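Multiple structures are listed underneath, in structure tokens.
The two complexes that follow have chain A in common; it is paired with chain B in the first and with chain C in the second.
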Partner chain A sequence: MSTVSETISRGQSARRMRVDGWRWGGRVFLVFMLLYTALPMIWMLLTSIKSGFAAMQFPPQWWPDQPTLDSYQKLLDPQNSVGQDFLRFFWNSLIVSTATTILSVIVAVPAAYAFSRFTFPGRNFLFFAVLLRNMFPAVIFLVPLFILMRAIGLVNTHGSLVLTYLTFGLPLAIWLLKGFYDNIPVQLEQAARIDGATRFQAFMLIVMPLSTPGIIATAIYSFIGAWNEYIYAYTFLSKNEQLTLPVGIQRFFSENTTDFPGLMAASFMMSVPVVVLFLLLQRYFVRALTEGAVKH
Partner chain B sequence: MAHVVLKDLVKTYGSFKAVNDVSLTINDGEFVALVGPSGCGKTTTLNLVAGLTSVTSGDIVIGDRVVNDLDPKDRDIAMVFQNYALYPQKSVYMNLAFPLQMRKLPKDEIDKKVREAARVLDMTQLLERKPRELSGGQQQRVALGRALVRDPAVFLMDEPLSNLDAKLRVQMRSEIKRFHQDLKATIIYVTHDQLEAVTMADRMAVMNGGYLQQYDSPAQVFAHPANMFVASFVGSPAMSLIPLEASTANGGAVLTSAEGWSLELSQRNARKVERATTRKVVLGARHSTIKLHKSAVPGAIPAKAYTVEPTGDVTFVQAFLSGAIVNISVPPNVAVAPDEQIWLEFDQERMHLFDSETEMALEAS
Partner chain C sequence: MTIVSGKADARRRLQSARSDVLRKMWEHRADYAYVLPAIAVMLIVIAYPIYYTIELSFFNTPPGLQLRDKIFVGFNNYTAILTSGVFWQVTFNTLIWTVASTFFSFVLGFAAALALHRDFVGRGVLRAILIIPWVISAVAASYIWKWIYHSDFGIIGAILVELGWAERPPNFIDSVSTVLPSLIVVNIWREFPFAMIMMTAGLQTVPEQLLRAAKVDGANAWQRFWHVTFPHLRNVSTVTILLLAVANFNSFIIPWIMTGGGPSNASHIWITHIYELAFGRQRWGVASAYSVLLFIILMTLGYFYVRALSGNERKDGSA
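This part shows the complex of A and B:
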């Protein structure tokens, strides 16, 4: 009798121990991941509100003695040359990323819809061909694309970047959206067409609203990709007034002596649009990535 | 309302013929069921009428127009889908209003018609809900409402009941039938369930393998199946089909089983067999036309009960004859045990004879 109950209780506690072990392991891992991702951001923010001298001290000031927003003021002031440059880079990045995003949605939506709804010769081949580009590292295309851009006179234009980013972003956008359209029953469109809509109206009035989450996810993906891209922007653009933020910041702030607080403030502001965009639209993004995983 | 005519309708996908020379006339106000097993071409036929699929050859006439090349929206039809196809982002009200908005009706008229349809279908209190907040039966009603709100020439229904549970299905079945009687609507109704077709339709078109097998009233199809497929498809439990050898001698005819027993045919049935081109004949008999005896009777054929299934109202007994399963129904007070020796007597008036090669029913004259 007693041996039986002992065995049971020992079994239970052993199981609890094991569960707790995993749980604690998981917590430690999560904390580590949090620090790993958050610490650089925190350090970026802290450095951006230090003076130039304080930023270079060793041992470092963990918390700035005299926090200052000087760097931000300098960057956002259109009167001085630093501010002018920064705001121009920001504007350039915004134009390139927005143009990429809009074009990518305009192309990806009908393309994905066609792949999802129509059968046409070469459909499968084309669909996988779309992915082919993604099988190679982006850098491989740097020189060929540069030569191509030079040949068609697009070097030193934002158009060269938009075109390039589109070729990178579109494949995934089309795949993502196709999955979305696959999950929208074709009967909805048929019903709409019988109810009096043309094929195009059925798409615009019924299918498009249903695929909004997918379109938003696609847009975010394209925007972030274009916003952060460095290598191509660095290669294709050489005129100062055309640079995008990643290249601009890097070039500008390390030209003579590195102004760390300025660099960090600029980096921080560069991350703001992405973070804001993501926070606003994240629920659509998550929905888009998980849609179709479960049948409704 | 309008009549619908299908003339030599053909639809092929590559080398696959989904619909083969189907010709049908559906009268104004008639309820016609297209029925057959899955893949028989019934849904394709409906999609052809709807204009969701293009016709390979043949003509579709709705009212007095050939509609082959018209868009679905211009055919003046309404359709109820198996999965209802309600617009998930729209409220019930907007779902019902959509066909009217597409036709650019004035707002107050739309409102009037939507509320009228909602009243008829008893769902006024559901108008502000989204489809996902409705039960299956309610969704089904909204789909029906969206079809009737527009007063179309023809209603097309693609297995509208098959997503409902059994009890609701029976209830909606009578509602749709009532709906047809009240509206005098022309309805083409696709189903794989022969019971739905038999209970609801004025006429049923039985299809198999892309071919129209028989087109007649349920009673006629039931009583005079044109071929073995129709015979076995319509009716539950299925008609028993027993392969036999026919022989004629001095005016009479006898069917002989490989098992040794034989069955003498009536005059009328003997004439049918004489006209056949083959000696291999299939005897068809519905469960209710076979009499079960517990002792030997002249003309009855000995068999062994295989399974016994009481259903309450009636007990179904299965037996094997000439290698075919034979269903017999007996009153519940008749006790039959599995493996019990029984004798089966066929009703000569209500038996069917088929040519085993062409599978067509044999006719007396």
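This part shows the complex of A and C:
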């Protein structure tokens, strides 16, 4: 009897030790990843509250001696020229991203619904053609799109950006939403049709509410993509008052190369809207990926 | 169905098949209305540019992009590319950049997803922090890291000096030998959260019962991972790796903002090189020929991407 219980307890402790080994490995790894991820962002914040002089010291001030919000004040002050530019870039980015988001939801929802529900000839071909868009870099399309935009008179307008941004948000949006619609039983719609709803009513009242997480995820993805886009904005826009944030900041700081606190403050403020948006809605995003793209 | 049929019979069947497709298309004409907006946008912004790129690659177009004055040069642009030394250097850089970024992003992201799979206090906060680099703009990320790598006032250099590992702060991005690895570290910083999100979503689909059954049968943690979890994630992993590979192959912003391809082309990858050829030196023909080559490579990758995705589809149908 005693030997049996001894073996059992020895086996258990051995297993616990092995499990603990994995768990400790995981913890150490997570601490490493946390440092890798967070330290650059912390350094950005610390630099942004230094004066220009304090930032350019060696060895650096690990913690600013005299923290100051000067850089933020300068960027957000509509009275001086820097602040005017920054606020205008911010506003431009907001308009372009919002327009892109609304349009891509309007275009992606019916397309995804059709790809999920209907079996028309060429459906698979069209579906994969849409997905293939994700494969190609912006640079391939840059020259011809520039010519195209010049031809239809959209160069130096925000319309050129919205039209282009639509296409790179669409493939993932359609793919995600199709997965959602695939998981919504057709019988629900059929029941609504039998009760006298039109196809459109059935769609609006039954399918749309059930696919809300997918639509939210799609919208976030489009917004973040448009907010952060750089190459097209860099190429299509040349007038200073139209620039979006990424290009605007780059233009501005290629002239003021040593103003690192200002640059870090601008980077921080440019990141705030998308980070907040994503953190608020990230559970929809992960859920949409799980239900829409991964689950089978 | 192996019976050899007459010519007339075959023709009739072909005809009826064709009219069948047309009839079906007609019957489903309303369905196309749903996809029409998406397809229209795609055609304008994709099909037309691809056609144009191919055409331009066979011409020499003047720097101002006056299309009427272009001169047909046949395959000259292509031979010019393949015989230049820069081409091979840039290709080598692209290969290292893509493979290293994809590999480490995937491994780190997958490991983070696994480590965060078990619930513990603060898991949600930790996961959210790890995702942030993926959300912020690549332009902001490039400036943050440029400042971190700064050769005089960078924090990494300062730490190395403080610890006594270096006499003076090293030049991370101004030196030919360290520039590419330094940029890859930035790229991984931005890309691993994507792998983490995908794999987190994938992990939630692994059936708990299977894992518990394996545990009862005496499988240890590694065996459970290797024989139960991992096979379940094969498809997600394939799609994730392919998407990462394509994204990395196509990256532009980080090398462009941080170094502009320098010093002496050491951090030029295909896309930055094409951009510089087109918009910097205005050699539209050569840049277009590069794009066509790139296009061919991506189509090959795209073939595997579609195969991986339709693998999912087929499984979906049978389930």
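Assume the second predicted complex is superposed on the first by the 268 of 296 C-alpha atoms of A that agree within 3 Å, B and C clash if a C-alpha of one lies under 4 Å from a C-alpha of the other, contacts with A are read in each partner's own complex, and residues count from 1 in each chain.
We take it that a contact is a pair of C-beta atoms (placed from the backbone, for glycine too) under 8 Å apart; a residue touches a chain by one contact, two chains touch by 3 or more.
Everything numeric here is computed off the predicted structure, so don't read it as measured data.
Student: With the two complexes superposed on chain A, say which partner A:98 touches: chain B (first), chain C (second), both, or neither.
Tutor: So A:98 meets neither chain B nor chain C here.
Student: Where does A:206 make contact in the superposed view: on chain B (first), on chain C (second), on both, or on neither?
Tutor: A:206 contacts chain B only, not chain C.
Student: Once chain A of both complexes is superposed, is A:144 in touch with chain B (first), chain C (second), both, or neither?
Tutor: Second partner only.
Student: State whether A:51 touches chain B only (first), chain C only (second), both chains, or neither.
Tutor: neither
Student: On the A-aligned overlay, A:136 touches which partner chain: chain B = first, chain C = second, or both, or neither?
Tutor: A:136 sits against chain C, while chain B stays out of touch.
Student: In the overlay, answer first, second, both or neither for which of chain B and chain C A:185 touches.
Tutor: Only chain B; A:185 stays clear of chain C.
Student: Tell me which of chain B and chain C touches more residues of chain A.
Tutor: Residues of chain A touched, chain B against chain C: more for C.
Student: Output check: A:194 vs chain B and chain C. Expected answer is one of first, second, both, neither. What do you get?
Tutor: A:194 contacts chain B only, not chain C.
Student: Indicate the residue numbers of chain A shared between its chain B interface and its chain C interface, in ascending order.
Tutor: 296
Student: Quick one: which bits of chain C touch chain A in the complex? Just the residue numbers, please.
Tutor: Touching chain A from chain C are residues 21, 24-25, 28, 31-35, 37-39, 41-42, 44-46, 48-53, 56, 65, 67, 108, 111-112, 114-116, 118, 126, 128-133, 135-140, 143-145, 147-148, 150, 152-153, 155, 158, 161-162, 169, 189, 197-198, 200-202, 204-205, 220-222, 235-236, 239, 243, 246, 249-250, 252-253, 257, 271, 274-275, 278-279, 284, 287-288, 291, 294-295, 298-299, 301-302, 305-306, 309-310, 312, 315-316, 319.
Student: What residues of chain A sit close enough to touch chain B in their complex?
Tutor: Touching chain B from chain A are residues 185, 187-188, 190-198, 201, 206, 209-210, 296.
Student: Quick check: in the complex, which residue numbers of chain B touch chain A?
Tutor: On the chain B side, the touching residues are 50-52, 71-73, 75, 77-79, 81-83, 85, 87-89, 98-99, 102-103, 132, 146, 150, 156.
Student: Spell out the residues on chain A that touch chain C in their complex, using ranges where they run on.
Tutor: It is residues 15, 18-19, 22-23, 26-27, 29-30, 33-34, 36-38, 40-41, 43-44, 47, 55-60, 106-108, 110-111, 113-115, 118-122, 124, 126, 128-148, 163-164, 166-167, 170, 174, 182, 224, 227-228, 230-231, 235, 245-246, 249-250, 253, 260, 263-264, 267-268, 270-271, 274-275, 278-279, 282, 285-286, 289-290, 293-296 of chain A that touch chain C.
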